[in-house]
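Which chain is which? They are A, B, C and D, in the order written, and residues in each are numbered from 1.
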Amino acid sequence: MRFQQHLDDAMAAATPLLGRGRVADYIPALAAVDAEAFGMAIATVDGEVCEVGDAGRAFSIQSISKLFSLVLTLALGGDAIWERVGREPSGSPFNSLVQLETENGIPRNPFINAGAIVVTDRLHSLTGDAGTAVADFLRAETGNTLLDTDPAVAVSEAGHGHRNSALAHFLASYGNLENPVATVLSNYYAHCAIAASCRDLALAGRFLARHGVLADGSRLLTRSEAKRVNAVLLTCGTYDAAGQFAYRVGLPGKSGVGGGILTIVPGHGALCVWSPGLDAAGNSVAGVAALDAFTTSTGLSVF
Amino acid sequence: MRFQQHLDDAMAAATPLLGRGRVADYIPALAAVDAEAFGMAIATVDGEVCEVGDAGRAFSIQSISKLFSLVLTLALGGDAIWERVGREPSGSPFNSLVQLETENGIPRNPFINAGAIVVTDRLHSLTGDAGTAVADFLRAETGNTLLDTDPAVAVSEAGHGHRNSALAHFLASYGNLENPVATVLSNYYAHCAIAASCRDLALAGRFLARHGVLADGSRLLTRSEAKRVNAVLLTCGTYDAAGQFAYRVGLPGKSGVGGGILTIVPGHGALCVWSPGLDAAGNSVAGVAALDAFTTSTGLSVF
Amino acid sequence: MRFQQHLDDAMAAATPLLGRGRVADYIPALAAVDAEAFGMAIATVDGEVCEVGDAGRAFSIQSISKLFSLVLTLALGGDAIWERVGREPSGSPFNSLVQLETENGIPRNPFINAGAIVVTDRLHSLTGDAGTAVADFLRAETGNTLLDTDPAVAVSEAGHGHRNSALAHFLASYGNLENPVATVLSNYYAHCAIAASCRDLALAGRFLARHGVLADGSRLLTRSEAKRVNAVLLTCGTYDAAGQFAYRVGLPGKSGVGGGILTIVPGHGALCVWSPGLDAAGNSVAGVAALDAFTTSTGLSVF
Amino acid sequence: MRFQQHLDDAMAAATPLLGRGRVADYIPALAAVDAEAFGMAIATVDGEVCEVGDAGRAFSIQSISKLFSLVLTLALGGDAIWERVGREPSGSPFNSLVQLETENGIPRNPFINAGAIVVTDRLHSLTGDAGTAVADFLRAETGNTLLDTDPAVAVSEAGHGHRNSALAHFLASYGNLENPVATVLSNYYAHCAIAASCRDLALAGRFLARHGVLADGSRLLTRSEAKRVNAVLLTCGTYDAAGQFAYRVGLPGKSGVGGGILTIVPGHGALCVWSPGLDAAGNSVAGVAALDAFTTSTGLSVF
């Protein structure tokens, strides 16, 4: 349990910030969350799990699901996805349409909404059900058979999703969707609305710290692919604050507006933190502070 | 000499690409370079240097100098510089004015031209001579007393520098320059026009692999500062191809239109490559291929 | 018939250009048009109609319908519409989303697609059926009881309308639609797909040359309102070529991708031209040339 | 004196707004102006001049000079200038660099700063002294031999002109300047800093109402050219509020941050108003109101 003390210290460092920031409130289901909740868990490459706080409490993973839809798409369909989505930081808010127009319907990266919609479309073509594919993967890696989409959140997102509908129709206008807009969006909402805990997400992300090897010892991605996913996480995983996140935390990571952040410590483990209050860029205020404290005390940033 | 074979292999991998890309030709002094030149050198944290090809041949370091002006500014002036320049990838070409207008004169990061001009301005205030400060630092770290600005290149850059003059006046219009435009630009050109070899740059960058400790054992940056500079290099160091570079190479790095790329392998060493042919984003075609081969064969990317 | 010779001369001037430009082909129904067709008609304030060429042949009025939805909205709902749409030239293509994001969901003017969608939404709220309202108005002013929406075109537009769907959802995401997206779009397509001839459109636009007075002598708009609609036509009516159109033709006008252009000669009459070949900005090549010739020979530009 | 009553009424309508808005204060020489001053004058095509208020008081004409540099360039150099500057409304603030980058150094129109700098450059090549050429023209048309550049204003502008320096260097970087940046800017400031009264400007602009014929009966522009200049004035003459100005006032016009607005009533006369308080777009608050009242009471808009 070599990380327990570091997790305790990270939580102590983050505690004064609990309640800071703004809880995502664009849909009622998210706004109802406990604003002062905090959890953190690490799943190490050698099979341990350490936890602190509300690490077992499920929250809406939101954009963290984009990581899983990407890795499944790469595993099933290979590099072809990179012809339909880029790998560069966007320098713009996650739901912006501006770059998409300038760049003729090729989203900058798979973690802005437009890019994640394209990835979902591709995963849907590959699997027949992109939403279920992501949930199945998370259940398999975590052993948590109860883990699933929260249907109330998925419905609520669809009901408040004009911006995403605009993005999807815009992508379709450039010929960058294979499936009908409605199908793609319902699958996109299905995986974004998955509820999972820090413990679940640390377990599910661990294969990236193990350079592609899953819980059962099989390989999802090659070593090179796993490293490359980590690279995309580091440069694009935290919206238009990726530079700031790399500077403070120094780990590849994906955040969600539910307040979760899943980070990878290559060769060591997957570390997930959750606290609902968000900063202006949409990243968890207390979560970033806890990760900053953790990488400072362990010296485990990639740099 | 544990890296010699890897360097030889990397050069072999890059050789078919020599002459590919386009040599920077916006000034005659750069256009005259040998388009098929190639060199590579690594300076390890424990004092070794391995080389291959034209590793001892001096070339125009151009934007690689921005790394050194940044670290000197941080060392002498601390974090205050981050109030005048950001740390986010720009998502735009290195000499674009667009974002600067949208963001009220605060450049996105210290490695696009606008940001480097602000850093040069600050370093000039701190030292009285920003151009000389960078050259002095490089001479001290390399022991190469002949290393210096190529005055013909500096003059030529100034004579073709309307875009940089526009950036500097634009920054001044927002009050983000302390010194006169002409002074700042002449210092900026002075450090960009330094001629140095792969060997020189690997030696000069090694302190970042040693987490801030210089050749003489003194400390230029704290461990945390050094890691953070590496983070900024990784997210912003290769123009608007930073995502692609992280994906292929997986190391913090700074490129220049002279064809050089200086990368940091934290805890291991500083690795510099040079070949003049550039891709569309302004990074050396053969250089990136050699770095890709090196990190693949050594497994030494940060991810 | 004082304008007959001028119309004949304008047609003669335009004839060498017939077939130039590119027929709108984004939907099959438009692509099937006779590329070399040409018609022109003027309806004077004192009741005459002069015609030349295919002036009686119906074509798809497309964006020219935006003028009629605007004037009906102003007549029924007054100036309130100006809180939801601007009156400035956009400087961007007619279907761009970029400005909409920068300006928080308020379209620049009522003649770009986004603005016309907002106007249609408002007109639908005011009338219960925006599509029919426009067609009814055109039938009333022209006396042409056969004038109507071409259902094949409307269906085809809806089937190729991802860009407009994106715009409508985007507007909805900013709260700038009162009716459901699907309702607004079907009404929008209904009025865009109206088929009418040059003669019809000249008669329907004549009230703007009469400063607001309809065919039956009743007043649709006040004198001031009618002048102001002419001002918006002149600055915004021909996409991002409004400056060029004012320079060459010097009349308020609204063009459509069906190849029609309806212009107003204040105090004299309404002049409509049609020829399907479009220039890069989406305006009829031969149509603009004919209008240029007409205003030059008559001296009747507003300047 | 058929316009005297209309001028009196227009001044009465504007009086409650005197002091509203914000006086241009980016240079001390402009900030020192009497904020509540108001003058208005019309010079008719048949030789009358009517005035009200401070119509004889000189103020800094600023961007109104861009109209005169354009017409002289057209008169001396013909249409060639349109290869270096466009004729479309910009949809952006007058001193923006953004569009210039997107459109590769061709300014949108001759009335935004970038466009006016290009026109000044061309006029300088044509005359050897662009600043003097504009002043000479104004003296000739007005008979006011004392009319001249205010050297204090010109010096002050140059000293606060980083934004214009940025624009000029940016244009030079695209090869769109024939003369050195410093030369072009000093001529640009020379004509912007001319001091003239409403009476002077109405007399100097009258030839555009007379379709190109100067005070001495000679012709500066052809009838067609004069109409086309009026078109550019209407679509581009009042910064990014051209649509709004056309809507409210309905006349071709050019405004300046000194608070003057010169408008053309084709076939009737040139009408100039001055009051220093500016709205957000940089147009005189009381001036626009007075013009609105004038065109409403006379019915003399172009629409």
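Following the convention adopted for this analysis, contacts are C-beta pairs under 8 Å (C-beta built on N, C-alpha and C of every residue); 3 or more make two chains touch, one makes a residue touch a chain.
Just so it is clear, the model here is predicted, and its values are computed rather than measured.
Trainee: How many links in the shortest chain of touching chains run from chain B to chain C?
Mentor: The fewest touching-chain steps linking chain B to chain C number 2.
Trainee: So how far apart, in whole Å, are chain A and chain C when each is placed at the average of its C-alpha atoms?
Mentor: The answer is 47 Å.
Trainee: For chain C and chain D, what's the span in angstrom between their mean Cα positions?
Mentor: Averaging C-alpha atoms per chain gives centres 32 Å apart.
Trainee: Just how far, in Å, is the C-alpha centre of chain D from the one of chain A?
Mentor: Between these chains, centre-to-centre, one finds 55 Å.
Trainee: Enumerate the residues of chain A that touch no fewer than two other chains.
Mentor: none
Trainee: Please categorise the chain-chain contact pattern as a line, ring, star, complete graph or other.
Mentor: ring
Trainee: Go through the chains and record each pair that touches.
Mentor: So, checking each combination of chains, I get A-B, A-C, B-D, C-D as the touching pairs.
Trainee: What residues on chain D touch chain C, complex-wise?
Mentor: Result: residues 86-92, 99, 108-109, 223-224, 226-228, 230-232, 234-236, 240-244, 246-248, 250, 252, 266, 296, 299, 301-303 of chain D touch chain C.
Trainee: How about chain A: which of its residues touch chain C in the complex?
Mentor: For chain A paired with chain C, touching residues are 96-98, 101-102, 162-163, 165-170, 172-173, 181.
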